[in-house]
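There are structures below to look over.
Two complexes follow with chain A in common, the first pairing it with chain B and the second with chain C.
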Partner chain A sequence: MNPVALGLAVASAAGALAVAAALLAPARVRVALVGVLTAVLGAAGMAAGGAALAGHIFTAHVSQLLPLAGVYLAVDALSGVFLSVGGAVVLAASVYGIGYFRHSGHNGHSGGNGRAIQVLWPVFAFSLVLVPAAASVSTLLVAWELMAVSSLLLVVSEHRRSAQVRSAGVWYAVMTHLGLVTILIGLVWLASAARTETFAGIAAAAPGISPVVRGGVFVLVLAGFGSKAGMVPLHAWLPRAHPEAPSPASALMSAAMVNLGVYGLVRVGLDLLGGGSRWWWLLVLLLGSLSAVYGILQASVANDLKRLLAYSTVENLGLILVGVGAAGVFKDSGFPVLAALALAAALLHTMTHAAFKTLLFLGAGSVLHATGTRDLDDLGGLRARMPVTTGLFALGALGAAALPGGAGFPSEWLLLQSLIHGLVVPGVTVVVLLPVAVGAIALSAGLAVAAFVKALGTGFLAKSRTPAAEHAHEPPPAMLAGMGLAALACAGFALVPGLVGPLLGRAVAAAGLGGAGADQAAGRLSALGSTLSPLLVVGGALLLVVLLRVLMRLVARGPRRAAPLWDCGAGPLTPRMEYTATSFAEPLQRVFDNVLAPESDLDVTAYTESAYLVERVAYSRAVPDRVEHRLYTPVIGAVRRAGTASRALANGSVHRYLGYGFASVIVLLLVLAAAQ
Partner chain B sequence: MNLLRKIRSVGRVAEPAPAPPALGPGVDGDLAARVRALRGSAQVRCVDAGSCNGCEIEIGQAFSPVYDAERYGARVVASPRHADVLLVTGPVTRNMAGPLRDTYAAASDPKIVVAVGDCAIDGGVFAGGYGVQGVVADVVPVDLHVPGCPPEPAAIVEALRKVTGR
Partner chain C sequence: MTTSSVVISALQVTLVLAGAPLLTGLMRQVRARLEGRAGGGVLQPWRDVRKLLRKARLDPEGTGPAFRTAPLIGVAAAIMAAAAIPLAATGTALGSGADLIAVIGLLTLASAMLALAGLDTATAFGGMGASREMTITALAEPTILMAVFALSTRIGSTDLPAIVTAGITDGARLASPASLLAAVALAVVVLAETGRLPVDNPATHLELTMVHEAMVLEYSGPDLALVELGASMRLAVLLGLWASLFAPWGIATTAGAAAVVLGAGVFAAKLALLGAALAAGEVFTAKLRLFRVPELLAGSFLLAVLAVTASFFLN
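Our next item is the complex of A and B:
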C-alpha cells in the first residue's frame, strides 16, 4: 500500500477516534486520550508528508464524501512539505496539550479540559493535514473553511477571560471569511475558465486561459492566501488572534496554519497558473519585504510575549513570501536554477520557522501557565525557577534571531544568497526591487536579534519584577516533552540543514519549476550539507568556550572568593533598576519614531499650593499598529456609514420589498436579453 | 620618514627615574608580600568617604602630566572590581561607612588601602563632627598614610610608588 495513503488513513482514523474520545470519555482521561490520539494524527500526517517528500505520489477520488463533486486528494512533494510541517507541529503541540489543557484551569482561565475545546483540537489538527492534501477547488475550500472555523472557535475558547479575546475573535472571524470569499471567487473564476475544478485539470488548461483572467485570479487568491499568511497590510487579525488562543493552539496557528497561505499561493500561482506574469511576483516580493520589516519592527516594541511572537510570525512569513516572489520573478526571467533555489529557501524557511515558532509559543505557554501573565514588563527572573523552559526558549530565540547556531540561520542565509545571485536578472523594476528585498531581509534579521534579546533578557533573566514571576515553577512533564520535541527539530535544522536538501529539490520540482534547472538546483541543494555546515561553527564555538574555561582555571592564582554583587555602594540592587521590555525597546522606538508613530502621554499633576511641587507623574505609552490605524479605521468607518445609509432602503414595508424583488427580476431579464 | 628617523636617532631624553622609595620602617611582612604580589602594577580606585574635595584635586594633580603617577605603574580605574589599591580620602561620614566597607569587600585580593590626607588619618578639622563616624582605620584596615591638608601631589605619588615598588 502507498505509504502516503496509509499515513492519511491513520491520521483520519486517529482524528475520528480523538473526536469520539473528546465527546464520550470521562473528564478524567479525556485530555490525555485526545492528546495522545491527536499526537498520533500529527505523527501520521508527518509520516505521510515525509513519504511524499521521499518520492511517493498519492491521488485519490472519493466520490461519496461531498455531494456533486466528491473529494479529490493528491499529495506530491510540495504538499508533502506542508503536510509534514503541519503534522510535526500537531505532534509537538498535542503532547504539550496533554499537560497544558489539564492544568489550564488555574490563573482564572476557563478549564481547557471541557468537551468543546477537546473536540475542536483534533478537528483543527486534521484540517491542517487535509488542506495540503486537497486536489480540487471544492475540497480545498471545504478543508480551508474547516480550518478557519475550528481555529476561530479555539481562539474564542477563553472568551470569559477578557473582552480582548472577544474582540480578537471578531477580527479573526471577519478577516478570515473575507479571505475565504476572495479565494472562493478567485478559484471559482479559475475553475469556470478552465471548465474543470480538479487541480490537475486546471493546470492542464491554464495556458489557454486569457492573461487578464489569470491576473485577476492571482490577485484575488493573493489577497485571500496572503491574509492567512499575515501579509501586510492584511495582517491585522494575526497579532490579535494568535496571542489570545490557548498556547498550543497559538503554536498550531502560528507555525502550521499560516504556512498554508504560502502553500495556497505557491500551489495556485506557480503550479496551477504556471508562473504567469512578472508583476505578480514583484507584487509578492514587495509585500513580503514590507511584511518582514514591519512585522519585526512591531515585534521589537511589543511588550506582550505572545504578541511579540505573533508579529515575528508576520516577519517570517514575509521572508518566505520574499523567497516565493523571487522564485516567480526568476522563473519568469528565465533563470530556473535561481528560481528553484529561491523557492527551496522559502520552503526551508517554512520548515525552520515552524520548528522555532512552535518551541517559542509553547515556551510562552509555559510562562503563562507558571505566572499567569504574558507582559514582559511583569516577568523577569524565570531562569532560576524554570531553568529547562528558559533553556528551551533560548534555543528557540536563537533560531528566531537567525544567528549561526540557530534554526533560522541556514534558511535565511540561503534566501539571501539566492537574492544576491539574482542581481544578474535584467529589468529596471527587478534591479531596483531585489536589492531592496536584500536590505529588508538584512534589516529584519538585525531587528529580530533585538526583539528576541528583549524577549529572553527581560522575560527570563535578571530578577523577578512581580510576585507572580517570583513564584513561577516548571510546567508538568508533558509540556516539557512537547517543547523538547520542538527543540529537537530546532537543533536538527540548526546543525544539519543539509539533510533536507534532496527533499527540497523534489518539492521544488513539484511546484512547477521542473526541468533541467530544477535538476541542477536539486544538485546544489543536495550539496547544501557540504557547502553550509553550521555544525562546524557550533562545534567550534563550544570548543572555544571549553578552552577558555580550562585556560581560566590554569591561569587563575589563589582560591576563589565569593563577594557580594558590586552595586556602586548604593545599597542592594532591586528589580526596579532592571531593564524592562519597554525601556529596552525605547531606543529602537526612538529611531523608528516616524514609522511606528508611538503615542506617549506624560501627565504631571502639581500641588494646588505651588505649580513647582509635583504631586504625581503618570506616563503611558502605546505603540498602535499604524497600518491598522491608517487603513482599517477609514474602511470600517465607510462600511458603517454605508450600512447606516442603506438602512433607509429597508423601512419595513412589505410592498416595498416586493417591489425590490420585482425590479431585480426585470433588470436581470433585461441584462440576459441584452447578453443574448 | 624623516620624522621616524629623528625619533629613532634621538631616543629617550627623560631624566632617569629616581630610586624607588622603601616601604619604610614599621611595615609588617604581610604588606611587603602584598606589594610583591602586585608586581609593579597597581590599579587604583579612589573613594571619597566625605572629604572637602581638596585631596581629590591633589590626587588629580598626581595623575596629571606634571607628576604622572602612571609612569610608575599606578592607574586609576572605575570600579573596585578592577582595583588592587583603594585611595580613601576624608573623614568617614555616616553615609559613606557602608559603601566604603562594600568597596573594600568588592576589591580583589590582595588589596592595599591608602588613607590620603589628615582627615582620613585622624579626622582633621572634621573630627568629632555630628555626621562623622570615624577615621578610615575605624572602618577598613589601612596600610599606608599620606599626611597633609591637603597632601602634595608628590607625597601621593611617593605613596603610590611604595605600592608599585618602582
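Our next item is the complex of A and C:
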C-alpha cells in the first residue's frame, strides 16, 4: 500500500476515534484519550507528508463522500511539506494539550476538558491535514471551511473569560469568511473557465485561459489566502484571534493554519496558473515586505506575550511571502534556478517558523497556566521557578530572532542568498523592489532581536513584578514533553538544516518549477549542509564558551559568592524599579513614532487644597494597530451608515416588499434578455 | 579544513586576543595625548584585565545563568569572528562558515546576550542600558545586512573570503559607488555597534548617558575582565572587518608562511592606523543625544540602500 495513503488512513481513523472518545469517554480519561489519538493523527499526517517528500505520490477519488463532485485527494511533494509541518505541529500541541486541557481551569472557569473543546480539537487537527491533501476546488473549499469553523469555535471557547475573546471571535469570523468568499469566487471562476474542477484538469487547461481571467483569479485568491496568512493589510484578525485561543490552539493556528494560506497561494498561483504575469508576484513581494516590517514593529512594542507572538507570525509569514513573490518574479523572468532557490527558502522558513512558533506559543501557554497572565509587565522572574520552560522559550526566541544557533537563521540566510542573486533579473521594477525587500528583511531581522530580547528578558529573567509571577510553577510533564518535541525540531533546523535540502528540491519541482532548474536547485539545496555550516559556527562557539568557563574557574580565586546589587546607596531595590516591557520598548516606540502613532494619556489629579500638590498621576499608553485603525474603521463605518440608510427601504409595508420582488424579477429578465 | 587554514585562523585569533586590549590602550593613549594628558600607556587595558582576574567572583543577588554566560558568549563570538573573517589571510579555517551574515549574526547574538544579562540584574541601570543597546542594534543590523547585500550582489555570494579576494584582485571594484557608499554606511554602524562616539561614550560615568556601561554596571572581577576583553575584541574584529572589506591590500591570498606573516603585520598596522584615526576623531566629537542616534543610523541605512541600488543599476 502507498505509504501516503496509509498515513492518511491512519490519520482519518485516529481523528474519528478521537471525536468518538471526546463524545463518549468519561471526563476522567477524556483529555488523555483525545490527546493521544490526536497525537497519533498528527504523527500519521507527518509520516504521510514525509513519504510524499520522499517521492511517493498519492491520488484518490472518493465519489460517495461529497454530492455531485466527490472528494478528490492528491498528495505530492509540495503538499507533503505542509502536510508534514501541520502533522508535526499537531503532534507537539496534542501531547502538550494532554497536560494543558486537564489543568486549564485556573481562573474559576470550566477547563478545556469539556466535550466541545475536545471534539473541536481533533476536527481542527484533521482539517489541517486535509487542506493540503485536497485536489479539487470543492474538496479544498470544504476542508478550508472545516478548518475555519473549527478554529473559530476554539477561539471563542473561552468566551466567558473576557469581552476581548468575543470581539476577537467576531473579527475572526467575519474576516475568515470574507476570505472564504474571495477564494470561492476566485476558484469557481477559475474552474468554470477551465471547465473542470480538479486541480490536475485546471493545471492542464490554465495556459488556454485568458490573462484577464487569470489575473482576476489571482488577485481574488491572493486576498483570501493572504488574509489567512496574515498579510498586511488583511492581518487584522490574526493578532486578535491567535492570543485569545487556548494556547495549544494558538500554536496550531499560528504555526500550521497560517501556512496553508501560503500553500494555497503557491498551489494556485505557481502550480495551477503556472506563474502568470510578473506584476502578480511583485505585488506579493511588496505586501510580504510590508507585512514583515509592520508585523515585527508591532511585536516589538506589544506587552501581551501572545499578541507579541501573533505579530511575529505576521512578520514571518511576510518573509515567506517575500520568498514566494521572489520565486514568481524569477520564474516569469526566466531564471528557474533562482526561482527554485527562493521558493525553497520560503518553504524552509515555513518549516522553521512552525518549529519555533509552536515552541513559543506552548511556552506562553505554560506561563499563562502558571501565572494566569500574559502581560509582560506583570511577569518577570520566571527563570527561578520555571527553569525548563525558560530554557525552552529561550531556544524558541533564539530561533525567532534569526540569530545563529536559532532555527530561523538558516532559512532567513537562504532567503537573503536567493535575493542576492536576483541582480541578474532585468527590469526597473525588479531593481527597485528587490532592494526594498532586502531592506524589509534586514529591518525585520534587527527588530526581531529587540522584540525577543524584550520577551525573554522582561518576561522570564529579572525579578518577579507581581505575586502571581512569584508563585509560578513548572507545568505538568505532558506540557513539558510537548514543548520538548518542538524544541527538538528547533535544534534540528538550527544545527543540520541541510538534511531537508533534497526534500525541498522535490517540493519545489512539484510547485511547477520543474525541469532542469529544479534539478539544479535541488543539487544546490542538498549542498546546503556544506555551504551553510551552522554546526561549525554554533558548535565552535559553544565549545569556546565551555572552554572559557573552565579556564575562568581555574584562574579565579575561590568560589562565586553573592553580593548585593548597586542601589546608589538609597536602600534596597524593589521590583517596581525594574525596567518593564513597556519601558524597554519605549525608545523603539519613540523612534517609530510616526509609523506606530501610539496613544498615551497622562492624568494628573491635584489635591483640592493646592494645584501644586499632586495626589495621583495616572498614565496609560496604547499602541493601536494603525492599519486597522485607518483602513477598517472607515469601511466598517461606511457599511454601518449604508445599513442605516437602507433601513428607509424597509418600512414594514407588505405591498412595498412585493413590489421589490416583482421589480427584481423584471430587472433580471431584462438583463437576461439583453445578454442573450 | 586544512592544517594551513587552522594555523591562519589560530594566528588571527591570537592576534586579536592579544592585540585588542592593546588597540584600546592605543586609542586611549592617542586621545590622552591630544587632550594634553599623560595617559596610562598602551598596556593599561592588559594591566586592568590582570587586576580584575585576581579579584573574587561575585554574583549580584538575584542574577541567573544569563548574567553569568553573557561575558563568555561575548568573548567566544569575537573569537569565532576573528577565526572566520579573512583578517591576515583569505584561507581561514571555517571555510564557507566564514559567511558575512553568520559573522554579523554571531556578534549580534553576543550583544543580545549582554542585553539579557543587563535585564537579568533587575536594576534600572541594567534595563536602561539593555533597552538602549537593543534599540541601537535593531537599527544598526539592517544597515549591516544592506551593506553586505551591496557588496555581495556582484560576487553572488556572502562568503567573506570570496568578497575579500575579489577586492584584492580587482581594486577598481573598491572605488565603485556601491562600495564607497557601503563603506560609509558600515563605518557609521561599526561606531554604533562598538559603542564609540558619537553614539555612546566609552569613557562616560554619568549614568543617564550611558548605554554599554549601564548594561554591564553589575559586572565585577573576572566577569568584568571578560566583558572588557569581549568589547575590545569586538572593536578589533569590526574594524578589521571594515579594513578587510574596503582596504584589503596586504591580505595573504596564498597559504605561504611569508605572505601570512606579512598579512598579519599589515593587519596590525591597519588596525593601529584606524584606531588612532578613530581616537583622534573622537577628540573633536561630542556625543549625540540618545534620540538623535536613530537619525544617524537611519542616515547610514539610507546610504546602504543607495549602495544596493547603485550596485543593481550600475551593473
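What we mean here is this: the second predicted complex is superposed on the first by the 666 of 676 C-alpha atoms of A that agree within 3 Å, B and C clash if a C-alpha of one lies under 4 Å from a C-alpha of the other, contacts with A are read in each partner's own complex, and residues count from 1 in each chain.
As a working rule, a contact is a pair of C-beta atoms (placed from the backbone, for glycine too) under 8 Å apart; a residue touches a chain by one contact, two chains touch by 3 or more.
Because the structure is a prediction, the values reported are computed rather than measured.
In the superposition on chain A, A:A570 makes contact with chain B only, while chain C stays out of contact range. Look at A:G661: by the touch rule set out above, it reaches neither chain B nor chain C. In the superposition on chain A, contact is made by A:G558 with both chain B and chain C. Touch criterion met: A:L423 reaches chain C, while chain B stays clear of it. By the document's definition of touching, of the two partners only chain C reaches A:S300; chain B does not. Contact with neither chain B nor chain C is seen for A:G539 once the two complexes are overlaid on the shared chain.
When the two complexes are overlaid on their common chain A, residue A:L443 makes contact with chain C while staying clear of chain B. Touched by chain B in one complex and by chain C in the other are residues 558, 561, 563-564, 566-567 of chain A. Across the complex, chain C meets chain A through its residues 53-62, 64-66, 69, 72-73, 75-77, 79-80, 83-84, 94-97, 99, 101-102, 105-106, 108-109, 112, 115-116, 118-128, 130-132, 134-135, 137-146, 149, 152-154, 156-158, 217-218, 220-222, 226, 290-291, 294, 301, 305, 308-309, 311-313, 315. By the touch criterion given at the top, residues 79-81, 98-100, 102-103, 105-106, 109 of chain B touch chain A in their complex. Chain A makes touch with chain C in their complex at residues 300, 380-381, 383-384, 398, 401-405, 409, 413, 416-417, 419-421, 423, 431-432, 434-435, 438-439, 441-443, 445-447, 449-450, 453-454, 456-458, 461-463, 530-534, 536-537, 540-542, 544-545, 548-549, 552, 555-567, 573, 575, 577-579, 583-588, 590-591. The touching residues of chain A, counted against chain B in their complex, run 558, 561, 563-564, 566-567, 569-570.
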